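First subunit A sits with subunit B, and in the next complex the same chain sits with subunit C.
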Partner chain A sequence: MTNVTLTTLLKRGAIWGFILFELIFFSVAGEFMSLSNKAFMDIDNMLLLLKQSAPIGIIAIGMTVIMINGNIDLSVGAIYALCAIVLLDSLNWPIMAGLGDWAIPLAWLLALLTGAGLGAINGLIVWKTGVDAFIVTLGSMLGFRGLVFMYNGENPTSHLNWTLVDFAEAQVFGLHTATWFLLAVTAIMWFVMHKTVHGRNAYAIGDNRAAAVNAGIRVGPHMLINFIMIGVLAALSAVVFYSESGSVNPNDGQLYELWVITAVVLGGTKLTGGAGSIIGTFGGVIAIQLLRKGLGHIGADTQTVSLVIGLILIAVLFLDRQLNRKGKEELRI
Partner chain B sequence: MTALTRQDIGRLLARQGILFAFVAFMVAFTLANGRFLAPDNVMGVIRSSAILGVMALGVTFVVISGNLDLSVGSMMSFSTIVVLDLHDKIGPALAIPAMFALTMCLGALIGFLVGYLRLNSLIVTLGMLSAIYGLTLTWSGGKNMDIADKAGTWFGVFGQSSVLGVPVPILMFGGLAVVLAFMLAKTPFGRKVYAVGGNGVAATFSGIPRARIVFLCYVLSSFCVATAGLMQASRSMGSQNTVGQGLELSVLAAVILGGASLMGGSGTIFKTVIGVLILGFIQNGLLLVGLQFYVQYVVTWVIIILAVWLDIAVKRGRLWSPIA
Partner chain C sequence: MTAMQPALRLEGIVKTFPGVRALDGVSFDVMPGEVHALMGENGAGKSTLMKVLGGIHQPDAGRIIVNEVPVQMATPLEAKAKGIVFIHQELSLAEELSVAENIYLGELPCKSFGRVDWALLYERTNDILKRLNVGFNAKTLVGDLSIANQQMVEIARALTHDAKAVIFDEPTASLTDAEKVVLFDVIDDLKAAGVGIIYISHRMEEIFKITDRISVLRDGSYRGTLTTCDTDQDAVTHLMIGRALDLSRSAAQHELGDVAIEVRGLCCGKLFQDVHFEVRRGEVLGFYGLVGAGRTEIAETLFGLRSPSAGEILLNGQPVSIASPADAIAMGISLVPEDRKGQGLILGMNCRDNMTLPQISDLTAGPFVAEGSEIAIFDQYRDKLDIRTPGWKQQVGNLSGGNQQKIVIGKWLSMRPDILIVDEPTRGIDVGSKSEIHNLIRDLAAQGYAVIVISSEMPEVLHVSDRIVAMYSGRVMRTFAANEVTEDNLIQAISGIGGDRVA
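Here is the complex of A and B:
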């Protein structure tokens, strides 16, 4: 019995242990290898790290829900780009100019609605046709990217609005706006997954779909809601990032799905569904960002970052398999 | 009786639906633009699909065995860069086998992780996508690779020359497709690939070495990737580090379009070739009609969903899913 608790504890704490290890390693290694005189554990550096985690992190929180539910969404990068274009382009519309600063919340709303709509398209197709979510979202990853290009050709879309930039660059209690959004999303989604019926049902469906159906849970609507949620979160991520940058290229957000899935898996969520935690994903996002920043700090090139992240991902999978030896996954091929 | 006939038509549609769709597309585009079926255009389309096609052949084996391979794009960049770099250092005759050996080592590593250690193939190959990209950049130092003496080498034959009017990439794609189709359909190894993907537990109990079969599928896939890298390197004689980026998803789209189930156990080389050609001809047809290249993304999206939907709708006997 003690053994079981210890294992569970070990698994839950693994990502935080890894983060702690990274902090110590990069601080010590930075003393000898860093090109700059600044310490790695500098408070500004850490605040910046949180801010830079936000775009991937907000989407990763949504992906956690999707994966707990037993699905996957490969189209998040394309949704992110399309919502960013809607956000910036809508601010250029003549109607919006007459509204003054009220145009900003309206543009945000439009972007979020776009995200919800695209997520709903994915969710409805998965629900109504029964085609595997991997295939559906692989297709819509291409399709939504096509829509991105159709919107404005191969040109960048931009809009500069100082009110917007000021808002995005503001620091409240030391934390940047983007960080606040990340923390708020994490808190809200934690509440949704642990304290609401929808969250419990999402876990139940991912763990054993047949049992969930027998228990009277309607699988379809829950999947639809989850896809809408990740659509909105991808849009929110775009809103947070592009409010500051003000310009979007049609290729932006490519490979985001891979980064996001990496963070979610590092955080301990299972691809097979039924297990995973929002807080774990938050840790996974921080761990990846720490790794990128830390390797940069000790003078490693970008190629090392890709190499290390890939190897860590596989190592985590291997360790996880060792810790979960027994159980149903052993028979599943 | 009528119901039976209708069911039969449905079965036929599902089984060969992708072929009908292919024919319908060809007719529609030919009506829209007479140049579409001109021999040089057809040859051009197949030739430009050949690299994607060769990779899709290998991935077909992996998918039939019930796994995924997201690392092929990144691995293709690796083999292209490696062969170009070694070409100037040890000459083409040694560079090519060395590149094949290195690429197949990567394939063997993935095969070991997925086959023998039974790790989830999606995440392993996702990790390898990132790791191999890092490896490629480390090898090249982030610089583009170019062959110094482009005129004085025979290295270009794999990408640029023709035999009896047929470009070599098409011959390589066609030849490999025939060999692999035979291997998959007519040899014990091929049967075992289907068995492992169809029902891994049953296959294990029948004495089929699941781990070894999965391992071999990945090695085969990496062999195809190395061939694609060779064709790419030979065609352009120089390359960026990101030459294969994103190809893994196009390859997967072609394989799925061909009707291979991601659950494993179904699919054929012939259907994958059709899937590759459909993607190629759609791209070309839409360009000839005067549409921008990105319209093909949207069209591909719709076609993939419809193709897979039709396939499973016929299998379960009803159009809409039973999900409540």
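Here is the complex of A and C:
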């Protein structure tokens, strides 16, 4: 039995071990190779890292739920961009000008509702047609991106509101607003997945759909709820990021779905559904951000980042496979 | 026999896993042209022994001898090359490919530039199929074949090699009685060709019908070999579990209650037509028939998984419409499905979560699941059903088949249903747990549940049922009372002969 626990410990702890490795590696390597004379582990640098993790991280938490449920959502990047446009454009509306600072929560609400609506479209199509979520969201990824371009052509949509920027740049107990959002989303979704009926059923559906149906679980509504949740989280991610930046390009958020899925998979969630962890995804998000920042710190250029992350993703999944295979016989291919 | 040398001989095979001595000096031999049964409860070491034979595990000690030559097999491929062929319980065929392609998978005959020699392939395949006397040809898609015919493809694949020993692992698990007859003919042919056969099964009737000798494993050690014609079921069972097993008839000793469920003229497209029956509280109604006779489909219709095209379902005398499993559960109907792992359990979840899955929405404290109540329910049914597990945190996938089935039954009992439908209650479960499940079904009826049992095993249906519905090709041929059923008239009814239709 000790053997089994060691394996599970290795599997669960793998992402944290990897993060520790990154921290040590970049700190040491930074001493020799860094162009700046600031230490990598500098507290401000780490706080900034958490903040920069937030946009991908918030969506990744939602994607974890979707993938545990046995689905996938490729349209998150497009939802993110469309909600950002709704957020910034609505602040420019004449009606909003009369509301003063009340315009801000209203614009946020509009953006979040947009996210919920777009998520609901995905969820309803997946539920009612029975078409695979990969195909449905591949379609909606293209469709939603089309809406982004229809909204404002190739032009950026901008609105700068200093109250909003102040809010976004605020630090409470040293943590930035975006970080707080990421932590809150992680905590709430952890409770949803581990302590509520919806979470339990989502795991059951992802693991064995037929058995879940036989237990009287209505699969469709649970999937719909999850797609709405990821829609809202993609919108929240846009709200957090664009409140500060104040300008969105129609190409923003492209490839986000892939970064998000990478983080989720690094965090140990299975592509086939039924297994995964919110905390693991949080680790996956941090690991990717550390890698980006760390490679920048030691002077590697941006193209290298993608190459290294790609290699690491494959290496991590290979390791995971080896650990999972222990004690079992698998086909050798 | 003295001059003959064994086709396959095992000498003192030992295999140890961390903490477990899975095989402890197992020795036996299989003569050419012999059908040698290997029996033992689940966990007795049969699977490990087969993996050693199949080159998946390496033995820690002992020798494997094929035709008097000691062999070592590091991979399944080497085992195959040494003439040891497996017919697995779970078939591994490519459904989108033809029979011929499946049989010669990995060794398709080639012409120049790697082109497949189709003419030769089909010719060779048809030769083999002719030997097996089957009703399909080399070009048929495997996906279009019945399970029984797919198994024939597996056997045909074994015949392409010069097999010294063929190992059948529970080959009849998903076969109907008629299909079994065909399989047994093929096994006879293999015998006649001088192949040694190891036959693994939990089914006593088959063992006594077709085998020459029986070797028994218990707790990883070899318990002895019996000559089939000189022994009886009691002796074998005794070797396997160290006690005798009671499979006698047991009709209800208690008073029956009201009619809990009545079905009138139920139809579902081509699957079944004009089905009538009723089940009283305290009664076990058995459904017997060939695979494809529509039994499982009736259960699925009662559970809301299929919608009937005509007919009525009455619960406690009231007509109802059941649109989904959620509806069925709310009306007090529960289904223990035939495919335990595929339809009954969430294998990645623990015992407790599986047990409470249908009712967690009622087990809440505020927005959260009340885990305390869940554990209480689990403990209650673990004790009631004698489920052997280290604790509720154990993953259900790690339990034995019998205990998994008890989890599924416990799951539904905890919902306090009126009607319990059990489809193939003991499929893939070892002999000891089998009788426990049978007793459990009888007990449940005695407690006043209306129970429907669907089974492909005649002794099981005869043993647990108060009345038996015989089905043939989607129709109820006859409903037998306990005192009028015999093996003969039951077989006739499910084969579509001799049964007088009950209108």
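One rule holds for everything that comes next: the second predicted complex is superposed on the first by the 325 of 333 C-alpha atoms of A that agree within 3 Å, B and C clash if a C-alpha of one lies under 4 Å from a C-alpha of the other, contacts with A are read in each partner's own complex, and residues count from 1 in each chain.
Criterion: a residue touches a chain if its C-beta (ideal position, glycine included) is under 8 Å from a C-beta of that chain, and two chains touch if they have at least 3 such contacts.
Keep in mind the model is a prediction, meaning the values are calculated, not measured.
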Item to complete: Based on the superposed arrangement, let me know which partner A:248 touches: subunit B (first), subunit C (second), both, or neither?
Response: neither
Fill in: Which of subunit B and subunit C A:197 touches, first, second, both or neither
second
Practice prompt. Using the touch definition from the top, say if A:136 reaches subunit B (first), subunit C (second), both or neither.
Written response: first
Worksheet item: Who does A:210 touch here: subunit B (first), subunit C (second), both, or neither?
Response: second
Fill in: Of subunit B and subunit C, the chain that contacts the larger number of subunit A residues
B
Practice prompt. Check the residue A:260 against both partner chains and state whether it touches subunit B (first), subunit C (second), both, or neither.
Written response: neither
Item to complete: Using the superposition on chain A described above, determine whether A:306 touches subunit B (first), subunit C (second), both, or neither.
Response: first
Worksheet item: After superposition on the shared chain, which partner residues are touched by A:275: those of subunit B (first), subunit C (second), both, or neither?
Response: second
Fill in: Shared subunit A surface residues [contacts with subunit B and with subunit C]
213, 218
Practice prompt. Provide the residue numbers of subunit B that touch subunit A in the complex, in ascending order.
Written response: 66, 113, 117-120, 122-124, 126-138, 142, 196, 200-201, 204, 210, 246, 249, 252-253, 256, 262-263, 292, 294-302, 304-305, 308-309, 312-313, 316, 320-324
Worksheet item: Any idea which subunit A residues touch subunit C in the complex?
Response: 1, 3, 191, 195-197, 200-201, 203-204, 207-208, 210-218, 274-275, 329, 332
Discussion item. Touching residues of subunit A toward subunit B in the complex: what are they?
Written reply: 74, 125, 127-132, 134-136, 138-147, 149-150, 153, 213, 218-220, 223, 254, 258, 261-262, 265, 271, 301-314, 317-318, 321, 331, 333
Response to the item:
Within the complex, subunit A is touched by subunit C residues 18-19, 51, 56, 75, 303, 305, 324-326, 328-330, 335, 337, 342-349, 353, 357-358, 360-361, 364, 367-369, 411
